[in-house]
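Per-chain residue numbering starts at 1, and chain names A, B and C are given in the order in which the chains are listed.
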Amino acid sequence: MGSGLRRFQDKLAYGLGALCVGVAIVPLASILFEVVRNGVSALSPQFLTSPPGVFGQAGGGIANAIQGTAILLALASAMAVPFGLLSGVYLAEFGDNKYGRTVRFLNDVLTEFPSIVIGILVYSIIVLAMRGFSTIAGAVALAIIMLPIITRTTEESIKIVPSSIRDAAMALGIRRWRATISVVLSTARSGVITGILLAIARVSGETAPLLLTVLGSQFFFNGLSQPIAALPLTIYRDANLPYAFARQQGWGAALVLILMVLGLNIGVRLATRGRYNSLRSRV
Amino acid sequence: MEDFKIQTQKLNAWFGNNHALKDISLGIRQNQVTAIIGPSGCGKSTLIRCLNRMHELVPGARSSGSVLLDGANIYSRGIDPVTVRRRVGMVFQKANPFPTMSVYDNVAAGLKLNGVRNPDTLDEAVKRSLEQAFLWDEVRDDLDNSGASLSGGQQQRLCIARALAVEPEAILMDEPCSALDPIATAKIEQLITNLKEKYTVVIVTHNMQQAARVSDVTAFLYLGQLIEYGGTTSLFENPKEELTERYLTGKFG
Amino acid sequence: MTRTVKEKNSSVRTRSLIRLFERLRQFSTDDFFEISSTLFAAIVVVILALTAVVLTRGSIPAFDAYGISFVFGSDWSAVAGREVYGALPYILGTLVTSAIAMGVGVPISLGIAIFLAEMAPGSIRNPLSQLIEILAAVPSVIYGFWGLLVFRFWIVDLIEKPLSRDFGTIAVFQGTPFGLDILTAGLILAIMIIPTVSSISKEVMMAVPSSQREAAYSIGATRWEVVRIGVLNYSRSGIFGAAILGLGRAVGETMAVTMVIGNAIGPAAFPGSLFQSGQTLSSLIANEFGEANPGSLLLSSLIGLGLILFAFALIINVFAQLMVWKVLRVKGRVE
């Protein structure tokens, strides 16, 4: 193998690598372009503030879906955050044993679990018991999906808190639990909040578990035991309708959803980059 | 000009804003062992990493000045660093065999990169290199074992064999014994003395006794500057510079 | 007499009470903290165990009615009195679409990881990585919507029509190129696994000690050869784990697939040709769940499909996590 050939191989590998990056960016660019282009023409104040019109007819908007998604996310966070925080604290503080490792491992497994299976679980234990699709069932399903993400990020952000900070707190004669909650968690705060926001971003687009738990609705929120609308469900239903206006509405809903999800993601990235830097320089 | 194998001229090196080497000019002769000594952080590792263009692989690192290998500047435009590194081999502080490769493949790796495919040639080169590295007798029956299965000292000799296999002209050793016990160290020192019959050897060490034992010429570096450079015996017995004397007598470093 | 007995009794009682109080007093808030957080952490175990139990119990009627032919049967009919449900076409549909996703997605992801971890100029590494990670943030229903209205036509025009014209007689290319089929589903899955596989592979590669790269450089390796012998060799088990993690994503993905796979049912859903409508386990669950009444065999069968999916996902993920864990957990990976 001559050195010319080897240099060519090197260039080829570089070119192929760059090509792969390009191949991945094309769909991303196309998705963003199409969603923005088609979605913007659907957007109007009326689209954002009114519920859908009569089924199968043009007009109306996605206000109920926006409200539904907001309610589902709020309820799901209210359930997932306490559990996720404490699980994360446990793993970081006491998790260096067999039980801790098992929990950590299963937590990783649950993070990657198909969300539709979570949908079946919640359907079986809540929807069947309550004899109907409900807001609360959907919120539980989303909470279960959020839980491992929050646990994981909480654990990681506590672990990067330098032990000197904890030692300093303990040296003041503070009990361990107070030291953890007041000093360690507040030092790790930005990481923990990042985790919660990323978890919200992740589930705000979840559709499959909602199909099995809240079903969807044409109306505004009507009680925890009633079905509710959600943005992803609106997009899915619109995709299945044979009307041009449904497609238009779908693009509009997709734009709102993607703005929300990417806004959360990018915002968190930008915000924490600065904060973690300052944290790093403090260490 | 005397014909040095390797010669640096006004060599400067930086890591970001940190000026690690300042105007180093020294010549290294063939078939000699040249030792580079000095307190930690004095730039001795940086210096030898400039001799085969490994320095530039560190992000933010740069250099100026020239390094002549057989009279030709290895930093000239158009010189492929890959070729330079093939001609000037290197052994590192911590043994770094390829853990997923067998002992045999570790040694043969460089040759295979250069297109050597003939099994007989490879067998012969592997045996020769392992013999030169004083390792053949210990591993001849375990050539298929993983390179990582050897002991620390054996791993370091495996890395030396790997460097020798491509038949370089010079070998750079960056504190090759710092992670080894005295017995393994003695073996490698013996090996270094043998190697100079065929190669040009440059060794960085923080161990002055080691420098005294193995080298013919010694360079003393302090804060990135070349303080003194000369025959090992004379440098150790009557150093010309006060800094050298203070370092040798353990006043600092 | 009786008085002293009473006194003695009461003093015994008092002493044991005191001992209890003593123990309670020593039981500090710290113990409470540890125990309560331990209990909270158990929720993950509870959820997974509950899922296994619920899915198993829910699918018992289907297995009772059809036995093993529920797994290996291929008919799917909800006609009252002649109900029959078999999962085989959807198991195969899941496997085939995932295989396409792996075949296309993993090499691209590896290329991206190698480029971003080892080759790209430092200034563009981070922005490009962030861009690729945005792919992971796009909700799957939006992939589906885009797939249905945009991507599908790329596939028809760029891949299916040419192949169908020139190789239409070969079995895997038979059928009318319509775009709502196995190929489109597999390729959209390929796009969706790219961010997962590439970012974990990249992390695995970046965890390779630099001494390995230096070793390769020092024997005269080119940059690509350094990647090959110094980096890829060292990190192969972690990269393998990343790929398997991608497989887990592909197997469980629901909405995007549901919206582009064409949703065939029964023997027609056997994935015989790339250009043919198909169905996966998850897409069938999503499609039919709304129609299933509580207590019906249809519902039980759908839960049975969920059980099969659960088993796949569990095996794949446990395996993948074990592989990736060894490499990254030490370092602490943040999602």
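FYI, contacts are C-beta pairs under 8 Å (C-beta built on N, C-alpha and C of every residue); 3 or more make two chains touch, one makes a residue touch a chain.
This one's a predicted model, so the numbers in the text were calculated from it and none came from an experiment.
Undergrad: Which chain lies the greatest distance away from subunit A when centres are computed from Cα atoms alone?
TA: Ranked by distance of C-alpha centres from subunit A, the top chain is B.
Undergrad: Please state whether A-B or A-C has more C-beta contact pairs across its interface.
TA: Of the two interfaces, A-B and A-C, more C-beta pairs touch across A-C.
Undergrad: As a quick test, compute the distance in whole Å between the mean CA positions of subunit B and subunit C.
TA: Computed from C-alpha means, the inter-chain centre distance equals 49 Å.
Undergrad: Whole-Å distance, subunit A centre to subunit B centre, using C-alpha means?
TA: About 52 Å, centre to centre.
Undergrad: Give, as an integer number of Å, the spacing between the C-alpha centres of subunit C and subunit A.
TA: About 16 Å, centre to centre.
Undergrad: Among the residues of subunit A, which ones contact at least 2 other chains?
TA: Where subunit A meets two or more other chains at a single residue, that happens at 6-7.
Undergrad: Specify, in ascending order, the residues of subunit B that touch 2 or more different other chains.
TA: 82-83, 113-114
Undergrad: Could you check subunit C for residues that touch two or more other chains and list them?
TA: 222, 225
Undergrad: Okay, in this complex, where on subunit C does subunit B touch?
TA: 122, 209, 211-222, 225, 229-230, 233-234, 236
Undergrad: Spell out the part of subunit C that touches subunit A in their complex, as residue ranges.
TA: Touching subunit A: residues 28-30, 32-34, 36-38, 40-45, 47-48, 50-51, 54-55, 58, 107-112, 114-116, 119-120, 128, 130-132, 134-135, 137-146, 148-151, 191, 194-195, 198, 222-225, 227, 245, 248-249, 251-255, 259, 282, 285-286, 289-290, 294, 302-303, 306, 309-310, 313-314, 317-318, 320-321, 325, 329, 332-335 of subunit C.
Undergrad: Inside the complex, what are the residues of subunit A that reach subunit B?
TA: Counting only subunit A, the residues touching subunit B are 1-3, 6-7.
Undergrad: Per the contact definition, I'd like the list of subunit B residues that touch subunit A in the complex.
TA: Its residues touching subunit A are 80, 82-83, 113-115.
Undergrad: Residues of subunit B touching subunit C in their complex?
TA: Going through subunit B, the ones touching subunit C are 52, 54, 57, 59, 82-83, 85-87, 89-92, 94, 96-101, 109-110, 113-114, 159, 162-163, 165-166.
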